[in-house]
Every structure is written in structure tokens, then in C-alpha cells.
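Chains: A, B, C and D, in written order; residue numbering restarts at 1 for each.
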Amino acid sequence: MGELLLSGGRLVSASEEFEADLLIREGRIAAVGRDLESAGEVKDVSGLLVMPGGIDTHVHLEHPIDRIGIETADDFFSGSVAAACGGTTTLVDFALQRKGDDLAPVVEARRALANDKSVIDFGLHVILTDIREETPAQMREVIDEGFTSFKIYMTYADKYVDDASLLRILETNADAGGLTYLHCENDCAVSHLIHSHLSRGETEARFHAPSRPPVVEAEATYRAIALAEITGARICIAHVTSKRALENIERARYEGAQVVSETCPQYLTLTDACYSHADEAAKYVCTPPIRSMDNQEALWDGLRRGSIQQVASDHAPFGFKDQKLGAPDFTKIPNGVPGVETRLSLLYTRGVASGVLSRSRFVQLVSTNPAKMFGLYPQKGSLAIGADADLVVFDPTQEAEIRHTDLHHNVDYTPYEGMPLQGVPVMTFSRGELVSEDGDLVKDAGPLKGRGEFVVRRPVPPELDFSALF
Amino acid sequence: MGELLLSGGRLVSASEEFEADLLIREGRIAAVGRDLESAGEVKDVSGLLVMPGGIDTHVHLEHPIDRIGIETADDFFSGSVAAACGGTTTLVDFALQRKGDDLAPVVEARRALANDKSVIDFGLHVILTDIREETPAQMREVIDEGFTSFKIYMTYADKYVDDASLLRILETNADAGGLTYLHCENDCAVSHLIHSHLSRGETEARFHAPSRPPVVEAEATYRAIALAEITGARICIAHVTSKRALENIERARYEGAQVVSETCPQYLTLTDACYSHADEAAKYVCTPPIRSMDNQEALWDGLRRGSIQQVASDHAPFGFKDQKLGAPDFTKIPNGVPGVETRLSLLYTRGVASGVLSRSRFVQLVSTNPAKMFGLYPQKGSLAIGADADLVVFDPTQEAEIRHTDLHHNVDYTPYEGMPLQGVPVMTFSRGELVSEDGDLVKDAGPLKGRGEFVVRRPVPPELDFSALF
Amino acid sequence: MGELLLSGGRLVSASEEFEADLLIREGRIAAVGRDLESAGEVKDVSGLLVMPGGIDTHVHLEHPIDRIGIETADDFFSGSVAAACGGTTTLVDFALQRKGDDLAPVVEARRALANDKSVIDFGLHVILTDIREETPAQMREVIDEGFTSFKIYMTYADKYVDDASLLRILETNADAGGLTYLHCENDCAVSHLIHSHLSRGETEARFHAPSRPPVVEAEATYRAIALAEITGARICIAHVTSKRALENIERARYEGAQVVSETCPQYLTLTDACYSHADEAAKYVCTPPIRSMDNQEALWDGLRRGSIQQVASDHAPFGFKDQKLGAPDFTKIPNGVPGVETRLSLLYTRGVASGVLSRSRFVQLVSTNPAKMFGLYPQKGSLAIGADADLVVFDPTQEAEIRHTDLHHNVDYTPYEGMPLQGVPVMTFSRGELVSEDGDLVKDAGPLKGRGEFVVRRPVPPELDFSALF
Amino acid sequence: MGELLLSGGRLVSASEEFEADLLIREGRIAAVGRDLESAGEVKDVSGLLVMPGGIDTHVHLEHPIDRIGIETADDFFSGSVAAACGGTTTLVDFALQRKGDDLAPVVEARRALANDKSVIDFGLHVILTDIREETPAQMREVIDEGFTSFKIYMTYADKYVDDASLLRILETNADAGGLTYLHCENDCAVSHLIHSHLSRGETEARFHAPSRPPVVEAEATYRAIALAEITGARICIAHVTSKRALENIERARYEGAQVVSETCPQYLTLTDACYSHADEAAKYVCTPPIRSMDNQEALWDGLRRGSIQQVASDHAPFGFKDQKLGAPDFTKIPNGVPGVETRLSLLYTRGVASGVLSRSRFVQLVSTNPAKMFGLYPQKGSLAIGADADLVVFDPTQEAEIRHTDLHHNVDYTPYEGMPLQGVPVMTFSRGELVSEDGDLVKDAGPLKGRGEFVVRRPVPPELDFSALF
């Protein structure tokens, strides 16, 4: 590949920003400095921010929803294109273990599928749903192959893992260095509330929210942290949405608990008012549901204070008209919203441009922390010398508006339609190669398809103190 | 029965104390005042405290332990004699539903058993273990008959109630006014830890404690409160033993949660040092286990601050030599310690005589609060005019020492052997009748046997705010 | 005086309520019971509540405001008449030490003044403003004469006591058993803010509130508690108005701090919206100022939870038209609102009738707790045998509306005009003598004038734990 | 100066570490990268850590103690030599305003003094002690000249600033961008306690500690934060030593308060046991005093959690034999301990080598955060391109022991005598010039004297969120 020199930009790392040239050699960051010289291509990025490319550890591409018999609407190609156009350079998707499955074939098949399509690098979490005698050994096996994180659902009938199984998973990970990544809602409580609503004839989309109130999230979050403590395992709480769940995390971290957490743009920019229009409510059905404004404010505080360590998209795209509308009751609406492409610009706009977060904090939340938490660091998530040249060049002054028609996902809407932006990605480099420019692919997609590589992730290093990761 | 005048005593109620005569007529308190006159018997109680008799809502008499195939060592006769000699005038024991049982016959049989033997009045909680379609209706039925509280075990394989069933119980009680009384430990976590210890060959009695650490209690306590909130039910947490569980209760009450709680003398006076002597450790095996000193101190703070509302005994007597010693591993030791007779004098000594608690707080903790929480009030737990003349006369200056040989229970030890006392019960009146004097029955036990009556308890009144000052 | 029998009422004490007759003999409670007999007068109070008469420890009658050169508008006669008509049977007013004053003559003069006029019993706090070498000795002297509490202002140029002097007062009280009763606002901060407002030409009444924001109250509250801790003294925080100050008190009590606190009806029923009408704003100028609704809600929570121990009136009446209106700027408006007569019915209506507080909690807040905290107990504040028969008989079902024209204070408005009431005092007895009935004096005021007696208050008993349940 | 290439080291920044060469040109960092080339000198630093040089914002060199009539024992020469040998490259010392002083001449004189002697770069805080009408204007004047921070003492008779003056300082800084740096102890409380001890004849050195207990620090800390909030100013709390003070800071930051804080090695490595040997106690007399172990543990937690942002030395050296010993009472012992040279190695040993802190956290605490907080950033405290090449090269594997005889300060002891070290500075570069190697100056001190330059510091940028600086 030779060399590429990004010249005159403002480099933003997880702790600092300064003006410097950045030299890429063989797809890696070779040097940063003043007045660097290169025999290769030189790109003037004056006035622009050069940051580690986004890492999105929570996306669901061509993800089967067995209970409804459908898949999410993006495949690894359309989804990775959308990601790249939004400034994201690494995705971590999921390999789903169904009942009876062994892990090795599951992850192998999924890796092959992604490998053929993804335009950017990717990793895979393993969703465990069937914990058997042989599971711990199989977990160690896939950890060795770079599948170092395990997603656990504390709710959903088809994926639910009970406390006994969760303890075995945590115990195995505590020893093997795997990370347990949890969807925290009390399944019995959700079922109880769903049953209550349906039995009262409350079937419309808006009843999705009260059937999964903050207390069910807060309870499961508390429990997950407690069980992790018993085993000595480190955990990551997916999509924190409520003040109460966050307070449980904060109190535990204050006492030294080894827990990190994530929230998502939908919880940071929307409120439960979205459910008030019957015609539109289904668009916003995701789980946990969108919360009230005071919960949203608490999440921003959590980002500011360091209590929440990453912002991922939980990209789970379903067509509004063909998949979400018209369900007989709210439990039949597929859960999720698209968001892989809008994550960075939304967080930059609402967080940095509005003055709530510093640019370095932004880099931590969308790139460096995910890399550290999920075993991609220092290969990804960093401007360090030697790191992959996965970069996003951002124009912090450019104003825009989110329009579904500008996006690359494979669905018919965005929940953020019309939202103003200040700060957008203008170039995305994957291992030194420019893949997207000005919000679009740089060339015909064809040649890019499948260029993304599987990243062999590492176990979380024992010395990384999760309670001190901000 | 006519009249009985207690003359010259110092009356102590839940909020005040003052010198006055107290007139009993037909087994009830008829008047309090200066220079009262009576045609009946007059008993001089100058220099003594006249208080509502103790109410102990947590005793296990002739209680079957199915997993081991034994019963607790006291029956309703020996247990109620011990209670009376210790200043307690009402017991609330348990009727155990086994798998397949309907509730009505269970409570009927248990009531009959107690009715034939108890020397003091009694009520019965229902232990629910098999929640079926018809359970809510059966609960309402027994509530109507005065069995208004339901004990739920969140642990123990043979009694364990899962979250789904617990939600149905809570929902029923929220509507019917029943009280849910919970043993809070995470069953999966306990099983996991027991398995870990046994698999390492750690079978001695002392491993009982680390197999049930504070975190498993704190987790289940948090969950119980969360599930109660979802249903709008009011709950009572049995035997709080740890700072962490207590903090969860305190935070929840601060936010208005309808939860009250209990601790027991063993957690207030012993520490986990009791497990350090291999020969004796089995004596102290009870669940939750005895905790460290900082936990003990937190419990005293909880009593002082009002975070814990009652002190019950959790009297679960097993013979040391014949039942507790010699188990092949710690999980086979029957759980529990005797304590129904020593409860008042221990709490008075360590709480009041030591200056930590006021006398009125003592009355609240051992009598008035239990009466209010468990539907016995104002018939029991009060010096109010019209209340049952269930009274304990206490000598606050008398010093003594706990000796197993002075006690009336049917086991071969007391965990409090040799503990000094200041303040002991000198007379116990049940509905105006003197049943115990100077630590012994007033006469041959024969005629007293079966004089105790079943108390038809009431649902907790809706306006009683469980989160308020108690 | 002979006997008086109140027959058939519902007696409400600080912990219980029950139906009983109450017999008064020689001005004291002689007996309570069923079917009591008396040779004296019998009054049927069936269907009514019989409670300890209100104790108001925070009133300012004929109180000089030196910096403006005026006095509060009620004297000890009109003020005590208003109190009695509102169900209050004991007032504790203030004796003001001016610079240079010795304490003995100050309290003597004030006692004589009150003695000639008050229709109900009274005590006096000493306001210390000039702490000199001889002050500790003089404090001990007046404590011995029954002036056992000392009011300290942490703000107001003419009364301000600095930390050094406050420490000496606290140290003296820690040893002598006096109670330090504090007005907590940071004087420098208030002056700073007043100066800021005035320098911007913000002179209207509504700027009173932002010149004394919650943070200045919270700071001084924290400091008072800290200084008290250093000396081992127990303290009472007057008129808590804000969530932040309350949280400081709650945290400190949680850790065992010996601090109790008070709030007032104006902070429980009004909000800072009262300052929005320029023509009326001056009516509501009191210090600390009326706060926002979320502060009001926090105070109700504090009452419910037991964090705040008493509700006093801080009755500081000034004529609206002649004293409050027309000040050149907000700092010249005399501070205070009238409220001695409306305290009980307002708290009953908003607290008890609305379901937030139990009747016993009401009795604690307006009578029993003030009596215990300020050394009047058990002579006052109780239905105990032997206590003064200071009683209020309340009709809990009677509805009314607050109208200034019905009140007995000597000003031209009430801040509560038009507020609906449910529950009003219908009889007030002072030492067994009926002084008010149906909201008015029972007879010509003349003979009642001066019947009130000075109450020799006691030091707070060392064993009373101020951090405990109250 | 030309170029210098540090080759093969492990670079550690505030967020990352990686292997790279670092190129220095004209005293600044010109590039970092793999296989960099340079025409200048090349120094192999393989196996070593290259970090931003230490910044110590809390040193007292030739600092007059007027109340005792002495000065600290180090002057700007010996002190800066000690600093450099310990890996520190920038000092911020103090210019003391005495009563009556104008600020400009004070800072000018002090700058000149330091300029002639310091071997490393330096800045100066202004100690304000005399707040007059013209003070705000004078503050703006010195801010413009690079003296952008103001030290305020809330205690010490000769330096004490009252709340009114503090408010004016804070208000000025809020507007002008100056930083208020506070010594928080309640002066009245300290005086009160000192008086108590002395009046009981408790004059020995060990009574220094109880005369300044945590509560006096916690109170002043709370007050400082409250007053800062009123004015909108940002503040830094110097030398936090106690759990209680820290909790106040943490709670305030949680709510968004603009407060950062500092602790010092003496509070992180010593305990109050140091006062138990009468012969040695005077060595450890510093203010606030050394605290108990639980306080020390809380400080480590604070560092780990991000609640405390910097570790400075508070180097205040006094000869043990000639200055500290033999004082007639503890109040006459000059306050302070030496520590400028041992700061980095102690924190590295106890923090990083022990596994409590990451290396990046270490860099934040000793260099990057102080630079950001005190207006030195990005010139100092960073490995960013363009930053001054103020660097410390650390050998993380080298073991050593602190011995007073190895140190360069001008006193006869170190409080850390005999403490083992793991990780020591092996080279210190100041603007690219090697000034110290292997714990000693690189050459005769002579030529280095006065080479240090005054750093014109900037006001804290308005967008720097102090509540989100970890």
C-alpha cells in the first residue's frame, strides 16, 4: 500500500488534541509530527479533525429474530457500508448460538458470512443461549480464536439465560478472560407486565414502554453486577437507558465493581414522547424502550461523569412499513431501530458541539473505550504509533440535517429524521484506505465488498481496572 | 375474670413512658391513671416497667424440614412456654404448603395443632411453595380467615419461589391486603457457592457462612423490593443481617418504597467469629449466617435510625448433639438457632441498658411494630385502652446471665450461654392472666396448655405507610 | 379546679390512637379509660380527636426589629389568643440580647412582659448576639432558671454570630445541656448577593428570594452541624426550607449527628410563585424565602421519613399595608409572615387529611417532638398520666376555608387566604381550662389575659438521642 | 539546540502507551513514530518509559513563615534541583501578598528571585491575604501576565481570608478566568481546638493532629464549593486528606460542581501512627495533618475513581533538628514536609507498581491534569506534537529505597526514609535538555542555575468542564 500522509489536521486522541501531520505506512500509523515528509500520497486535512475511527460493538446485521421468523434488514454489506459512511471503521456483531448448537461451528459460519461482505473490519460476540456441561470448554475454545465476548440476554424467551447459567458463564469468563456483555431486564417482570397490558386489551405500540419500565432494567442490572462480583468476572452492561439502572452501576463502581456500561444515541436524543403518535410509535419500538427526559438527562450526566464508557448504536434495522407496522400487538413488533450510520455525528452534535463533552471524551466513547473493553486495543481505537490506520476525518464546522434518503441502511426510515447536525465525518479510512468520503462510498461498492477482515480480539487484560475506566 | 390492678408501675408505650396504675377488666386494658381503684386483685409493680407483651412473628415450632426429614425440636407447647417465660405474649408461626397442597386444609390443620398446645395467643403465616392457577383465590380465602401474611423463600430447593410466582403472589397481596414476608437470598448464587465449596472439599460447618455471603442477601433483597414496586405490594424483609442488604432497604424506603424489615438477636449479638471453633461452629449454623462485626454494627444503626422495624427471634431450635453435630457436610446441618425466650432480655440489655435505644423504641421493635405490620394491632402490641391485656412487666435493674439450664426450650444449648443481662421480664400476662413469673410458669404447665387462642389477623390497612417513620 | 371528663373521644398520642374517656383533675391528666366516672363536669367529645395541645417553639411576638426600628405586630396577648384559637397551648418566644446586654435582666424583663399578657403557657429562648467572656456563665445561669435554649443567627448584621462565638456557645451548651437553635444562612453570601442585586437595580420584593438561594442555607446548615460535632453539642436547625439543606441534615443524622430540625407551614404550602405578582410579593417576604415546588416536596418527604422533627410557625407578623408595602428595596421589607393560628389546621389538612401523614405523626410534629426537643416534656406535649391537660380537640371531618377575617392576629392579611381546610380545632384546653371553642375565645378575653404561666424548661436529657427515630 | 532522538522507548500519555521513537527539535516534541531518523543525537531508551515530565503545582521554596520568622529550607535553586532529580520539569510556587502589598510588585520580585535560580521552568501562584477595593483590578493585571491562579487560605491568622473576601476573589476569577486554589480548614474551629488542647496542657507535637480533625477540613471544603457555586467560579481544593472532605467533593462533582482537587504523597503513604513516637512526631507535622489508614485508603480510591485530579508534593521543607524540634508547643512547629524529589517514584511505586493505577493515570495525576488545571497545557504536561520536550524517562523495573542521603533538598531528613521503590526516574529533560540522570544532576549545577524560565500561564479555558476532569 505504501504511504499516505494526512497533512495539517487536528489530531484528537482519548486525552489530547493538537495539530500534526499523520503518516500512514502499510495501513498503520507510522508517525505523527510537524512537517513530516512522505514519498506517498499527501492529503491536506487542514481545519479538520483526525480521530480514531468509530468502533461500534453493538450492531445486529442479518440477525435472525426466531420468535417472529424474520431477520434484521441490513446484511453485512449494507450495514458495513452504512457504518463506514458514518465514520465507523470496526463493527462487532453477534454470532447466535441456538439451542443445541456447539459454539465453534456457529462462530465459524458467522465469520465466513461477514467475511464475504463487510467493507470494514469486524469482530463477533457470541450470544449464548444454551448453557450445557460442555459450554465452558467451548467458550475457551472460541476465546482462543478471537471471539472473546459473550452476549447474555436476561430476557426474551428464546434467548433467556437464568442466574445459574449466568453464574457458570461468568465464572468461566473470570478465569478465561472473556467479557460478559449483558442485556439487563428482569424477564419474569416483563412477562408479567406484558400479560397485564394484553389482558386489559392494551395492545398498541405505545404499551411497549410501560411493559418494560426502568425498574425491570434497574433490577436486572443490580443482579448482573452482584453475580459478577460473586465470580470475580468483569462485565459490560449493554444499552443503559434509565437513571435507576445507571445509579446502580455508579454505586457499584464507586465500591470498586468491575463493571463498564454502554448507552446508545436513541436514548440520548429521543424521549418517550415518540410513543404518543399511534401512527409512528412502532418506529421507535426498541428494547429497552425510549425513556422520559429525566432519564435522558441522567445518561448525559453519566457520559460526562465517566459512569458510562461507550456509546454504541444497537443498530437493529427493521422496515417500518413492511416489518414494524401492522403487528397484532406490541409484542409482535420487531425490536430495534437503525443507527449505525448516524452514531458519530449525532453524538458529536449533541455532545461536543453543544458543549457537554470534550472532543477527547467523544473519542473515548465511540472508539478508544470500546477498543479497550472489547479486546481490540491497541490495534484499533487509537492514534498510537503502530495502530491500524482506521481513521475518521471530521469536519467540526459543517452543518447538516439527518435525512433518511442520505443514509445507506436498508430500511425505509430513520428515527432521527430532520435532526440538525453540526460536525460530520468527511473521510473514513480503513487500514489506511479511504473507503468513504463526504458521506458516501469513494467508489463503486463492488470492489470494497468483503475487504473487511475479521479481527482476532484478545481477552481483556487482567490489569485493566474496569471501575477506573471512564 | 373480673379485674386486676397493676399499681404504681412505669408504663412504657411506643412513644412515651410515665408512672400510672393500669386496670385490667375482662382481659383487656380498661384504664390507666393515677390512684385508680379496683374491687379486684391489686398487684404492686412499683419500680417495674409495664410494657405491651412481646410479639414474635418469626418462630418455627414443630416445623418440618423435609429435605433432612426432621422437625424443629420445640412443639407449640414447649415453644410457647419458653416464649411466655421470656415475656412474649403472641407468636406468629408458619403453616407450610407442600407441593400439591391446597391452602385451607393446611392452615386448618396447623391451627388445630397449635390450638391444642399453645399457652399464649398465636397467629400463623402461610408458607407458599406451590403457586398454581388457583393460588390467588386460595390466598384470599385464608386472608379472610385471619391468615393474612405469606412467607416466601427465595432460596431452598424445596421451598424456592421463582420471580414469576412471586409476582403473582405480590399482585394478589397488593389487591387483597395480604403481607408478603420474604426470606431473601439468591438461590442460584447460593447453590453455585455451595457447589464451589464442596467441590474443593470444604465441608466443615464454617463454610456455611461464605456459601451465603452478604451479596446474595443484598441481591435478593433488591429484587424483592423491585418486584414489590411493580405490583404495588407491601413487603416485609425477614432477618436482615448485612449492611449491604440494609442499605438497599434504606435507599428504597428513602424513595418511598413500601417495605419494612426485621432483624434477629443472633445477628445483633454474635459475630462470625462463632464459626472459628470447629467443635462449636454447627451450633451457630443459621440462615442467613452470622456476619462480621461491621455488619452487626450496621444493624444496630438500622434499629436506632428506624430503618429496621422489628426484632424477631427466628426461633428454629435443633438439638446440638443429636441434630446439628455430625452432619457429613455443612449443607446437611439443620439451619437455625433457638431464641424465643431470650429475645426481650437480650435486646433490652444490649439496646436499652447500653444506651443505644430508648425504652419506647424497644417497645416498638418487639411489640408495637410487629403488631402493626402483621395485622394484630390494636388488639395486641399496645397499652391502649381496649387492647388485650398482654403485658410484660420488666425489672430494668435486675442483672442476670443467660444459662441454658434456665431456659424452657427443648434443646441442649443456647447460642448466648453466659451472656450477661441487665433487665429481665418478671411477669407475663396473657389477656390479663399471669402466666409466667420470675422466668418460670406460675403453676403446673398442664392447665395452661392450649389456653392460647388463634388470633384472627387483619389485612394491613391501606393507609399505613410502610416507608414512613416506624 | 376539680375535675373535667372528656367523654367518648378518640385519643391520639404520638404513637397510637384509640377511643377512651379522658379525666382531668387539678389541671392534669388523671386517667384515661373506658367508662370513667367523674363528679365534675362531663363534656361529650364523641367523634372528635383529643390530642396534646399544639406547641409552637418559633414565634416572634412584640419582637423588635432594630435595623428597621419596628416591632412585630402581635403582642403576647393578641399572639397568644391567636395561638389558643388555633389549638396551640404553649408558645416559646424569644428574649433578645442586644450588644452589651447581660442575660439575666433580658430574660427577666421579657418573662414579665409575657407573663402579664399571655393567655397560654409560654417559655422563652434567649437570642444571643453578643458573646463575651462572661457569656458562658450567664448562659448557665439562665438555663438554671428554665431558659434552656439559645437562638443563634448565622445571618443578619445586627444579630450575626460568627463561628468562633458559635463554638463557644455550642461548647457551653454541650456541657450545660442547653439547646442551640440555629437560623442557618451564610451571611457573607447573602450580603454578596444582595449587593449584586441592588447594584443591578433589582430592588423589587421578588429579588428577596434569589438573594438567599438554597445554597446559602445548605452551606450554613452543613457548617452548623460540623461545629456542633466538634463540641459534642446537640442542635436544632430552625426553618429548613430546601432539599439541599435537608439532605445535609439527613446525611449527618445517618452518621449519628445529634441534630434535629424544623420546618414551617409556609414552606409546606406555598411556592415561590408567590413572588411573581409584584403587588403581593411583599406579603410573602420571609427568611429563608419561600422555595420552589421541588423543595416543598422534599420537605413533605422529610416529615414523612422522620428527617424533620417539628413544624413550627415562625410567626412574625407585620402589617401588609403599613409595614411591608412600600419599602424602598427588598432589604427594607420586614421579614416574616403570620401563622400561629393556622399551623395545626393547615398541617392536618395538607398532611393528614391528604393521606401523607398519620395522625400520630401529626401529634409528634406539632406537640410531642417540640416538647421533647425543647425541655417541656413530659409536662407538655403528651396525653400521659400526670401531664398538664393542655389539649386540643379536633374535628377531623369539619371543612372550612382560611379567611383573614376569622383570625385573631393583629395584621391585615394571611398568606393562606382562601385555602380550604379539612380538620379544625374545636376546643382548646390549657391546664384543663377551656380557653377557646369553635375558633374563638370562650369568653371575654379580659379574664384570660395573663393566665398563661412561664414554663421552667429543663435541659435536654443526655440520653435523648437526637439522631434516632423521632 | 538542534535535534535529539529518544529511540525505542515506551511512550506513556494520559490515555495511552505504545512503543515509538520521539524526536525533539528546538526543545519541542517534533514527531513520534516508528523508525524516525534524526541528524542529531540519538539516545536509546529501550525498555524505559518516556512520559511528560512531572509538574508540581504545590511547592514552597524560600517561603517566608512570618508568624515564626523563618523560611522554608530550600531556595529556588536547591528546590528545583531536587525536583529535576525526581523527574519533575515544572514547578509552580507562590508569590505571597502581605497586608498592604500591591500584587504587581510582589509577583515581579518573586519572579526575579526564581528566575535567577531555578534549573527548570516555573510558574507562580499569588497568595492573596489582603483583599481590598483595588484587588480585583490587580488580579486581572497579574492574570494578564501569566499569574493565573490564586491561593487562598481559609485558616492561619496571618493569611486567613474570610468568606466575604473569598466571594470577591471567586467572582473576579469567574469573570477573568483565574483559578482559585484553596487551603480548606475552618479557622475558627482550628483555633478553638488548639485553645482546648493548650488549655489542657496538651502541647506535644502529636496534638497537632486532633487540633485539625477531618471535620474542620470537610466543613471548609463544603463551604468553598458552595461559595464557588454562588459566583460561578471554578476552584481547586489543595491537599485533600480525609474521606469526609473527599466525599463532599465527590457529591458536588456528581451534581456538576466545577471543582477539582489534589492530594499529596504524604497523605497517600503515611498514617497518623507517625505521631505516636514523641521524638519523631515533629517531623510529620504538616497541615492538614497525616490521617488514619481509612482516610488514606479513601484517597487512593479517589485517585482510582477520578475524584482527585492531581498529586502534588506540598513540598514545605524545614530542618528537623534546627527548625522542627524543640518548639515550646505544637503550634510553633513549622508546618510541612519535604517531598518534591520523591513524589513521582513514590506514586509510581505505591500506585502503578502495586497495580492500583494505570501508567496513564499516573501521567494524568503528576503531569497532564496539573497542566490543564493550572493553565500550562498544552505547552507542558503532554507528549503532543509541539509541546515542550519536558520529559521524564522512567525505569519501571528498577528497585531502590528512599534514603535522605540521596536526596537534594536542603533539610536533614525525609519522612519516607527507608521506603522501598519500584520505578525511578532515570533521565529528566527540560525543553529537550538533559538536566538529570540516574537521580543526580548531569553536570555541575552551576551552569544549570537560572536556566529555568518563567511560564506565562493562561486562564483556564471556559469550555474545560472541571466536573468531568478525572
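The rule is short, and it goes like this: a contact is a pair of C-beta atoms (placed from the backbone, for glycine too) under 8 Å apart; a residue touches a chain by one contact, two chains touch by 3 or more.
Please read all numbers here as calculations on a predicted model, not as lab measurements.
S.K.: Note whether the interface between subunit A and subunit D is symmetric in residue numbering, meaning over half of all numbers used appear on both sides, and answer same or different.
M.R.: Here the answer is same, because the shared fraction of interface numbers exceeds one half.
S.K.: Taking each chain's centre as the mean of its C-alpha atoms, which one ends up farthest from the centre of subunit A?
M.R.: For subunit A, the chain whose C-alpha mean is farthest off is C.
S.K.: As a quick test, compute the distance in whole Å between the mean CA positions of subunit A and subunit C.
M.R.: Computed from C-alpha means, the inter-chain centre distance equals 58 Å.
S.K.: So how far apart, in whole Å, are subunit B and subunit C when each is placed at the average of its C-alpha atoms?
M.R.: Spacing between the chain centres: roughly 40 Å.
S.K.: Could you say which residues in subunit A touch two or more other chains, in rising order?
M.R.: There are none in subunit A.
S.K.: Tell me the shape of the graph of touching chains, choosing from line, ring, star, complete and other.
M.R.: The chain contacts form a single closed ring, each chain touching exactly two others.
S.K.: Going by the contact rule set out above, which residues of subunit B touch subunit A in the complex?
M.R.: So the residues of subunit B touching subunit A come out as 162-164, 166-168, 171, 186-189, 191-193, 213, 215-216, 218-219, 222-223, 226-227, 229-230.
S.K.: Using the touch rule from the top, collect the residues of subunit C that touch subunit B in their complex.
M.R.: My answer: residues 11, 13-20, 23, 25, 30-36, 253-254, 256, 301, 304-306, 355, 357-358, 360-361, 364, 368, 378, 382, 384-387, 463-465, 467-470.
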